[in-house]
Amino acid sequence: MIPVEYYIVLSAILFAIGVAGVLIRRNALIIFMSIELMLNAANLAVVAFSSVLKTFSGQVFVFFVIAVAAAEVAVGLALIVEIFKAKHSIDVDQMSSLKG
Amino acid sequence: MTLDLALFLILALVAVATALGMLFSKNAVYSALFLVLNFVTVAVFYLLLGAPFIAMAQITVYAGAIMVLFLFVIMLLGAERLPATNVLPWQRPLAITLTVILAMESTYLLLSRARPSGSVLPPGAEVNTVDNLRAMAMTLFNNYLLPFEVTSVLLLVAMVGVIVLVRREKGQKS
Amino acid sequence: MHLSESVTTGYFFLAPWLVFAPVIGLLINIIFGGRLSEKAIGTVASLASGASFVVSVLLAWSLAAGHGAAVTVPFLEWIHIGDLELDWAFRVDSLSTTMMLVVSGVGTLIHIYAIGYMHEDVRFKHDPGRFRRFFVFLNLFIAMMMILVSGDSYLMLFVGWEGVGLCSFLLIGFWYDMDTLGRPSWANSNAAKKAFVTNRVGDFGFLIAAFLMFWAFGSFQFDEVFEAAHAVAPGVIVAITLFMLIGVAGKSAQIPLYVWLPDAMAGPTPVSALIHAATMVTAGVYLITRSAELYTLVPQAQYTVAMTGAITALFAATIAVGQYDIKKVLAYSTISQLGFMVAAVGMGAFVAGMFHLVTHAFFKALLFLSAGSVILGLERGHHHAEHAHHEKKPIGKSGKSKAESGHDEHEVFDPGDMRNMGGLRKTMPVTFWLYMIGTLALAGIVPFAGFWSKDEILLDASRHYPAVYILLSIAAFFTAFYMGRQIWLVFFGEPRHEAAAHAEESKPIITVPLMVLAALSLLGGALNLPFEGFHQLGHWLEYTLHEVEAFPLNLQVAGVSTLVALFAIFLSWLIYGRNPLKAGQPDPLKKPLGFIFTGMENKWFVDEGYFAVIINPFKKLSYFLADVVDWRFWHDWFHETVIAGTYNWLSNIGLNLYADQKGIDAFANWLGTATQSLSATLRKVQTGFVRSYALSVLLGVVLILGYLIVK
Amino acid sequence: MEFLLKPLTLLTFFPLLGVLLILFINAEAKNIIRWVALITSLITFGISLWVLAMFDASNVNLQLVARYDWITVAGWNIQYFLGIDGLSILLVLLTAFLTPISILSTWTAIEERVKDFMIFFLLLEVGMTGVFLAQDLFLFYIFWEFTLVPMYFLIGIWGGPRRIYAAIKFFLYTMAGSILMLLAILWLGIYGGTFSVPDLIAQGNIPADIQWWLFLAFTAAFAIKVPMWPLHSWLPDAHVEAPTAGSVILAGVLLKMGTYGFVRFNLPLFPEAAVRAAPWIALLATIGILYGAMVSYAQADVKKLVAYSSVSHLGFVMLGLFAMNPQGIAGGILQMINHGLSTGALFLLVGMIYEQTHTREIKVYGGLWKITPVFGSIMLIVSLSSMGLPGLNGFVGEFTILLGAFGSKAINNTAYAIASALGVIMAAVYILYMFQKMFLGPQGEIVDEVKKHGHGLRDLNWREIVTVVPLLIFIFWIGLYPKPFFALMAPAVEHLVGMLPIP
Amino acid sequence: MNLTPQDYQVLTPYILLTAWACVLLLADLFIPRERKSITALLAALGLAVTLGVTLSQVGIEQTGFFGMAVLDGFSTFVNALLLVSGILGIAIAHDYVKRMGIERGEYYTLLLFSVSGMMLMAQAADLIIVFIALELLSIPLYVLAAFARPQLSSEEAGMKYFLLGAFATGFVVYGTALVFGATGTTSLAGIVAAAASPSTSTLLLTIGAALVLVGFGFKVAAVPFHMWTPDVYQGAPTAVTAFMAAGAKIAGFAALLRVFATAFSSLAVDMTAVLWALAALTMILGNVIAISQTDIKRMLAYSSIAHAGYILMAFVPYGNPAVRDVSIAAGLFYLAAYAFTNFGAWSVVIALEKKEEKGLAIADYAGLGRKHPLLAAAMTVFMLSLVGLPPTLGLVGKVYLFRAVIAGGFTGLAIIGVLTSLISAYYYLRVVVTMYMKDGEPETVRETWLGFTTGLSAIVTVVFSLLPQSLFAWASEAVLKLF
């Protein structure tokens, strides 16, 4: 019997790694992947809780998160592609003309 | 140490390692592959936690569809690597510091203060039956009908959005 | 309203016309004066003033008929708020009617005189347009003076008090764009300003006295104040009377506020005669006499007043000795004589003070107007002399050079300077004799008016205040001396200047009023002869001032004073008469007296002292406050630098980035700069890098979680 | 409709009618616009006289009340509540009186954007009248803040070279004070359940310590507006840069909003706090009187001189108000009017000469009385009024104020009154300095300077005389026969004094 | 599956709008390129019809879809506001997109979808719905922000908005996960019930709530989650910015209010302090940075951040039942005031904007007062409203807000509020100064619908400030249904 804390801590660590990815990577795609990792970490926590609480609603939530993530990814990748067409780079640090 | 725990620890190690792999790979393709591995590991967790449907969804949607899409885009753009520039010298140390603080804070809060009680079900417990899967489906289409429908709209919107973003208008230069 | 029922009998209802007659006169002159001839203007003004005199006479007559019972004629409710009930009412009693008679009587004479005088004066000063203005101001003065003497409360008195101050300002500054010699200058306007401001200092004292009075007695009304005075702590009354003394010092030109009066001679001569000799400056004496019931309650205050007067009398008399300007001598003489009066009323010799006030009004007006006549005569003479030069001009080189020198003389010629005079006895005989009468009256020679009144003061002093007596006696000596000096310098010897040689006697319009005044100076003593049954003025004033002491003639005092005067005149003959002054020769006293004479000549350097001690520090302080404190410190430094600097400093601490202020926005250089530089610094955080934005989000999360941990 | 026909509503909003009319006039038809504005303001003045005719001075309560629920939902109890009483009637009349005069003064001075100018000016009148009539704190605040906007434009568009700076400074300063007042108003509204001033006064059980804070918050707004020393830093800028009409209204009415605020709100709403603050306010007022007078004296710019003299004059007003006896308060209110008339007239006159010479530097003038006798004489009268010569209006106000302050139990120290009386001397010093340097003495260099560019200096023309004469009439009237003015406010003032817990 | 008519009634506006949007998506295919005005008109019509329906729902209070959605006075008010924003958003965009050469039918469809997402957000009674609605409103906005592609700034704006939005979503999801872990449910009602039970871990719930707050804070642009705002507002097509500034803010605040005031009301002790700090920081930073802006779009963006701070103030006392209704009403009222002012201001910006991001510097407004007096007057009204001066809605709104804050006992915050308003006066006035007191030759376009937006906004801003009774009444009746 694994205490639920373990899962939660694991998810927290994964989440933190995801956050770190967003912050330290310049590649828009990797940033995007890191965000997916964050969502994934959250999902893990929900499923763990769901398992403890013996309810489906958590799993349903995770299901929606995955679906929404898919939608987001579609739009996100489209944006990245579009930007690459113009700038020939997906370095987010290159996208800093708007500032101040 | 029980078998459960050993399994958990190994998987956890793999999950963290793959996540870190994604984080630190220079090559975007490797990052994506690490992430796929990570997703799969998490899917195994889902199975362990008695959520086979979610585990399947995870593998098909996430690891399968989404990550393939990622890889596809990476290849398409040929943007595996970025030239090394360092316009934000303080970003990296600051980010790492803050992330570490975040991890420490949340660990501290979760383990010593919040202490979510209870243990997860052992693998193979009664939720993992077809009946339960059916029950879940019923929930999804009864109680969660609204979010379900809205999600469908959302997907439609995303589709429209993508088309808007990528479609080239007549007479428009790229 | 005391005794207002009496209004129904007699001519008391006319009281407001005291003020309104001259007001109507001035309004006529303001409105229609532009179309009237000079004569008509002068006539209107004189008639207005004369009407005032007629009213005064009628009031005095009614008062006498009613056995001197004071009458209050209510006129207008003025300020009613809370328990302050301030009305404009006329008080007709023997004291006020005395003043009214003097003011309007002398005033009317001077109006008439001024018609002639100003006719010439405006032509000498090349601005005939100001003729009308002069009479407007003069009428205004009569109106204000009437308000002063006829008011039934301290406040109305104060209104008139300030009003005459204004007239004094306007008339001193009548030739505001030049100096006394007619050159473009700030001198006259400076003199006017000086008079007004100095008077205001005195008014400040009066004002404080009025406040004390109101909160101690609950009223400004004379009767009510006097009634309540007995029940009030003497300390308060001392304060009231002493603050009032400041006012008196300002208006009646006593130490330390007398400095304005000599400068006031910048005004046309009728003004000097009317305002700065006969009437306005005596207002302080009137005020103390009016407040007799307060002063008699507090001997310490009385003593202070008496000493102030006595010291002023002596001090001013010494300065008069060293003056060269015919009017300046008279001005210091006036200060000195006012000192006599103030000393008298200070000692409680109110009748003596008032008596001297009246006689002084006569003879000092006479002297001033005669001096004016002299000045006109000299100006005429100068004009003639110049004219003669100009006619000679085409003749030859020497003529031309003379014309030039004449022209130069015109630049510096001062018709008031006694050093330019001499020998006028022959060219201006009428004026000479009139002047002699005035001089003898002022010097206190029997039987001229001045003798009787001055003697009464000295008599009083000799009985109660030996110190005052001695001071006044010495002052009397100086008085006789400087008047003697003046007579010798002006009328005897040989002319020291062409102008004096060509001087011309004045016209009757000028000399006739002088003759009236001369008669009054000669006979004025009859008002209050120190013989049993002849104390008319004393009895008259007794209606108002209760318990009037009347002393019989004291031959000892009278004898001493006469001898002193005669000796002084003799001395002046020795110095100035025996060997008349030659042109360009310094004053014979200069050598023997040395630095003392220098002091006299330079008015003991009091003006310079005031400049050094009060005026310059005030100016410097106010420039300091305005420029350094208010503008550079408060307006610029504090509001624009400190706040901005603080912001800069704060914004620099956190980010150690220099904020460029200039480029952002040029016009916002105020508080904006401060906030702006902070803003400009903060906006640099907005780097445009999406990752740093995410960092900010994370920072927020970390902080919130941190808060949850530590709270 | 009844609402619209209330006299006070009409009085307040009538100028809006003019604004509407002007909006539809072609901007090039400058004269028509001027006439419309002038007539509108004259009719407004007429309405104010009508209000005066209906006003019963012996009644200490609010009169001609227009009171309607305005916002009364969700715990709000805001009313459209206009009323007039002895404390405000004179100020209302002053506002209605000065507006046409100011408009007249712009006839030739403002040639640029006349349409906008008149619109802002009439809007300003609405705001000012509203401030004096509003009896609901919220309504009051709206009018109060609203006056900022048109004035800001008047300074900023038609002002002198540093107009933008001055306008912004004016705006920010005033707003800085008033926002704190807003919080205090809200506090009162929440805990009193109403914004109606009479109701709040009637309830009046605010704990002493809270009263103190509320008092300070209100004071912040009013003291800046007055402006009390040391918050006067915006005034010289605003006055110097504002166009003549703006200066007139600024000095004549806007500053009075601050002092009026003290009478209307600070004293009756927070009596304990006001009594407690009285010595401090008196101290600041006295410093302001002396400081303003001294600083005025050292000015080289005539408008600045007059501006600083306002600091001094309004110090008198504040001293009178916080003397908290009938003499002081009535004197203070009268002095508000006096200052409006005298300083208003001074600014008008300075504006008239400025229009010809385009300089405000005192030292270039001199001897003007000779060249422009009418102008000089009027200036003299106004100057004398400003320095408090008896027989003119200034004296009546200053005298009653000083008298009140001298015997004030609230201030309880005669030193303030005595020191302030020194200010009377100093007033003579700076006013005479100005008058002398501009009008007396030898001819100044500006005379020839102007001659070079045209006809030389001219005396006042008929329009200008018509502009200032009404002011002169009141200067004399109040000076010679102030009784009706006191009679208008005396009952209200005594009622107010009765409410104060003076030791 | 047994839904009752009541269920549908709860979501009628949403369903109607979504359906309309889907139909419009199809219909648009048949509308020729040069006649996209028809699409705009149809979209506006859809919004108007929905608005009608929404208004007919005033006073109804109901939950539906198994407690997933709720209809109450609050949601009706917010929906109406959102729909009006949508209509104005279309009005403002109609000519703009043409002028900028980015006219496409999808613009309007996406806008409709976004509005529908916003409405759903206001009606959400379950964190899942909140999450999905958040995405539904955001995704169209991401696309719209990048709508002016291939213009780089627009793409950059879209990208930044998207990346940061997704990042913030991550926090929302994680927060939701923790809330779920603490209470075992995602339904707001369930959370309320669970929070009352002693076995629930309050801390876990609090952390979850805090992370959810981060997400909302991002949407409403609260400091320090605000940094995307200026860049996105600047880069996005101005019409989109206008819509985004109003709509997203309204929706974000609506959800924030609903979630916090109901589900997390027991956490007020902790959350109040956090909200206090957020509000204070947001007001200060937003206003201070706005001062140094020279670009009107950025200036308005910071102004929008600052206003988020003001609205956040109303949320600070949310845990105090005595003032909750007042503060909610105040928040709603302010949102309404802000929405109108905002559209007005942006419409003026659009009137002056030229291709290739010209005409956007504040300096370009010089001389507007002389050349286009009406436009300048309208802009002045909006600026005054943003400062909070009479006679504008901004003042009434601010007064209402401050009142709520003071009544809640947060006088210190109110003081920060008024002081920052003072700072804000400075930069808003600068626009006025530039328009009236500097000389220039600004060029503007005269477009019917744009003018309509400007005029309507100006009139509403002024008139409703003088007669706010009805709006006040409505806002104060728009109470939340508490579970």
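Labels for the chains are A, B, C, D and E, by order of writing; each one numbers its residues from 1.
By definition in this document, contacts are C-beta pairs under 8 Å (C-beta built on N, C-alpha and C of every residue); 3 or more make two chains touch, one makes a residue touch a chain.
Bear in mind that the values here come from a model prediction, so they are computed numbers and not experimental data.
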Any chains in contact with both chain C and chain D?
E
Geometric centre: closest chain by C-alpha means:
D
Top of the farthest list for chain B, CA-centroid basis, is C
Please work out which of C-E and A-B is bridged by more C-beta pairs in contact, and write that pair.
A-B
Distance between chain centroids, defined by C-alpha means - chain A, chain B (Å):
6
The distance between the C-alpha centres of chain D and chain E, rounded to whole Å, is 43
Between chain B and chain E, what is the gap in Å from one C-alpha centre to the other?
30
What's the distance between the Cα centroids of chain A and chain E, rounded to whole Å?
26
Residues of chain E that touch two or more other chains sit at 128, 132, 135, 139, 142-143, 146, 149-150, 158-160, 163, 167, 171, 181, 203, 207, 230-231, 293, 426, 433
Multi-chain contact sites of chain A, meaning residues that touch two or more partners
4, 8, 15, 18-19, 22-24, 26, 31-32, 43, 48-50, 52-53, 57, 60, 64, 68, 71-72, 75, 79-80, 82, 85-86, 92-93, 95-100
Name the residues of chain C that each touch 2 or more other chains.
667-668, 671-672, 683, 686-692, 694-695, 698-699, 701, 705, 708
Chain pairs in mutual contact under the definition given at the outset:
A-B, A-C, A-E, B-C, B-E, C-D, C-E, D-E
What residues of chain E sit close enough to touch chain A in their complex?
127-128, 131-132, 135, 139, 142-143, 146, 149-150, 152-153, 155-160, 162-163, 166-167, 169-171, 173-174, 176-178, 180-181, 184-186, 230-232, 234-235, 293, 298
Given the complex, residues on chain A that touch chain B span 1-10, 12-21, 23-27, 29-30, 32-34, 36-37, 40, 43-44, 47-54, 56-57, 59-60, 62-64, 66-75, 77-82, 84-86, 89-91, 93, 96
Partner chain B, residues of chain C touching it in the complex:
687, 689, 691-692, 695, 698-699, 701-702, 705-706, 708-709
Inside the complex, what are the residues of chain C that reach chain A?
683-684, 686-691, 694-695, 698
Where on chain D is chain C touching in the complex?
164-165, 168-169, 172, 230, 233, 236-237, 291, 294-299, 308, 325-327, 330-331, 367, 369-370, 373, 384, 389-391, 395-396, 399-400, 402-403, 406-407, 414, 417-418, 421-422, 424-425, 428-429, 432-433, 436, 439-443, 481-483, 486-487, 490, 493-494, 497
